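These notes are about the structure you will find just below.
Going in written order, the chains are labelled A, B and C, and every chain counts its residues from 1.
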């Protein structure tokens, strides 16, 4: 690892349009640990929503554009497990042109989700910081199961000296978002998020931390509509706040 | 084209395309060493494991020093349950024990499966509440008894009555199913029953009940001569 | 009761309104998962075993013709009569003919989803054979004229009241809802049938190619009595159920019980390699096995999806699926349900009938984690979604929207221009409101568009640092 690490930001659509704050907080934390930040101006979308809905040939040009845009960067970091998984894993299900396949491999080797980047690549130990509140953590499905990122967010949370961390029961049960699933099977999705919010409430946490805005939006949507106590917070925001960035 | 040929040729056609399935790492030495770590290496260790596993699934395990002690214990059990009849297949050891039982307790009588022709045999034996049988192997890991049909004269005593009693010996005890299938010859294995405890079901609200369609009580005697 | 996967959205809605069903399903799946986890924790080499099983099954599926032919030869040597059925209709006819030839009147069956797949029961009953399920859950479900709602726990969706009621109605016994009494009623009724039945029909859990025998794994002893008492035994086997030899069986017997029922080991393994009457003077005079294709060879043809043939029907994926846990099995509309069902439905029944099935999933991947055969179900569901899209079985509006979004994603300036509007427009809406999307905001608040967006804010942040 070469210091300073040059990080190209991969900003998911939800972060760009709905929740830029957590992405900005990610930038602050990355700078704090010594990374040099680059923002690729032309980025739009990685194609995941279409892919999950079954569309492949339609997004091949989108994926090729993305690969071209990012493959020569030193590394790419996203505040999202599902978007990272899309590029790192599911781009291999797309029939892209042969000439771009080496670039696809190259990119797959250096695109990371935020928490895995901090722990596994930047070798962050404890960030220290202060956040004297009770929090719990929701494991986003792609982050946990596709990328195997389970310990890293927990390490980062535990690294905050005065935080009170309580595991909720079934932290890794799906929150019911699943992208277009939450729209195609609304009632089913609602029941799933209702259950997740019940677990959050049972944990007694003031904040439910997560690493994917899609899940957090879904969970927060239910919490607010039903006037429940807990708030959601992206882990980047948690870290930034704890360090007073 | 027969269906057989249709099916086989469809398979052969399909085979021509290579799989897009991820490879598996070689796990053999890892399994072998981990298995070794958790396998008792003494007879006593295996026997105690068998007992532990059997009791976990509500079976009963008794150690006896000879056939007479075995017969005594079974006779008492049958008398307590107010049985007047029991059955054996016709194999030697259960037969010997059966003879000793009725010598000690004249309220008990037994029948041999082989004394009856089929289909009369099944009706006769279906009404008998208990049976004694022996096995060929006893698997410690799961408290499973292996009974190849090659070695018995009837399998009905194992499955029809509500109370089944098995008599095994130390030389029959083996560690696990992997060892079992190494030991069994194909002739033994191709017609056999593996039995692990009493029949059971949880089909009603996931509540566990013993004695579904087969035995409710499962008792094993280890004859340590 | 005939369900259609095409109506899955309707069944899901019905299930979501059925509180009694939902609490039965929630309770049963939670118990199963807990017990499974306990048993798996006792096997330190569990993950390695999954890999071993996966590689064994891959070997078998990639050489299925060779194993099937070996099995046939060896089974015939053992006196087992081997039949091949290309489809469900043929399988039914074969079994019917065997029953006729043997003057069968009463048939007992042990649990076999393969026989549900081929709609065997109703066919036999229509043709005058008394056909009785003997697995307790299946027996109950048969009395209720339903199909099973789970792979290994058929009556999972019913509670004691349902069962008490149906026993009272159909069997003429006094009403009781005491489970032990219900069991006693079933045992007595069915014992009588076992003793008098002329034919037993079973499924097959595993077949051993090099020895020409096959086995049923069970707990109730009903399969033992089904295959061991009547004079004729017919086994129905999906052709993918092969294993090369006994050596491989140990691995599968270690994986199946914890995954299926949370047990360390199932109570019975009934291994059949010939007619018992010859060997022991009891039981079947003849034994038949029906090797069933019914769509499996088309699944085999797909280089990725053939992995779904590794399935040993344990049901672990159902138990952990957060969707199955909410709605149970009937919501999927077919005999195979949950994640594996969602994977098989369009493959067996086509993209029209199965057009929604692969979408009944949030792709969470919990099923893949639990599957003892490491079948990558979410990955297969994604491929099946693609097949349905390419087969033009999805809505036109969605297709247009996706194409437009893909186009915009490649034209940054246009993309930014169009996504600028919602942010600006939303500023006109009251603080707490977001865009009303149909059905979305009834129980959930949709996120609000940010007025500036990341790119703008980021560049402001960079400028302020200078």
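The working rule: contacts are C-beta pairs under 8 Å (C-beta built on N, C-alpha and C of every residue); 3 or more make two chains touch, one makes a residue touch a chain.
In this text the structure is predicted, and so the values were computed from the model without any measurement.
Of all chains shown, C has the CA centroid lying nearest to the centroid of every protein CA atom.
Centroid analysis (C-alpha atoms only) places A farthest from subunit B. For the pair subunit B and subunit C, the distance between C-alpha centroids works out to 29 Å. Separating the centre of subunit A from that of subunit C, both taken as means of CA atoms, is a distance of 32 Å. Subunit B has its Cα centroid 53 Å from the Cα centroid of subunit A. Remark: subunit A residues 9, 11, 14-21, 23-24, 27, 39, 41-45, 47, 49-59, 61-62, 65, 90, 93, 141-142, 145-146, 172-174, 176-178, 181-195, 217-218, 220-222, 224-226 touch subunit C in the complex. Interface residues of subunit C, counted against subunit A in their complex, comprise 9, 12-13, 16, 322-323, 326-327, 358-366, 368-369, 379, 382-383, 385-390, 394, 398-399, 402-403, 405-406, 408-410, 412, 415, 419, 422-423, 437, 439-450, 452-455, 457-459, 461. Across the interface of their complex, subunit B is touched by residues 24, 27-28, 31-32, 44-45, 48-49, 51-52, 54-55, 58, 62-65, 68-69, 78, 84-86, 90, 134-137, 140, 153-156, 159-160, 163, 179-180, 182-183, 187, 190-191, 194-195, 208, 210-213, 219-222, 224-225, 228-229, 231, 239, 246-247, 249-251, 253-254, 261, 263-274, 276-277, 279-283, 291, 293, 297-298, 300-301, 303-304, 306-307, 374, 376 of subunit C. Those residues of subunit B whose C-beta lies close enough to touch subunit C in the complex are 2-4, 6-8, 10-15, 17-25, 27-28, 30-31, 34-35, 37-38, 53, 56-57, 113-114, 117-119, 121-123, 126, 142-144, 149-150, 152-156, 159-160, 176-178, 180-182, 184, 186, 189-207, 209, 211-215.
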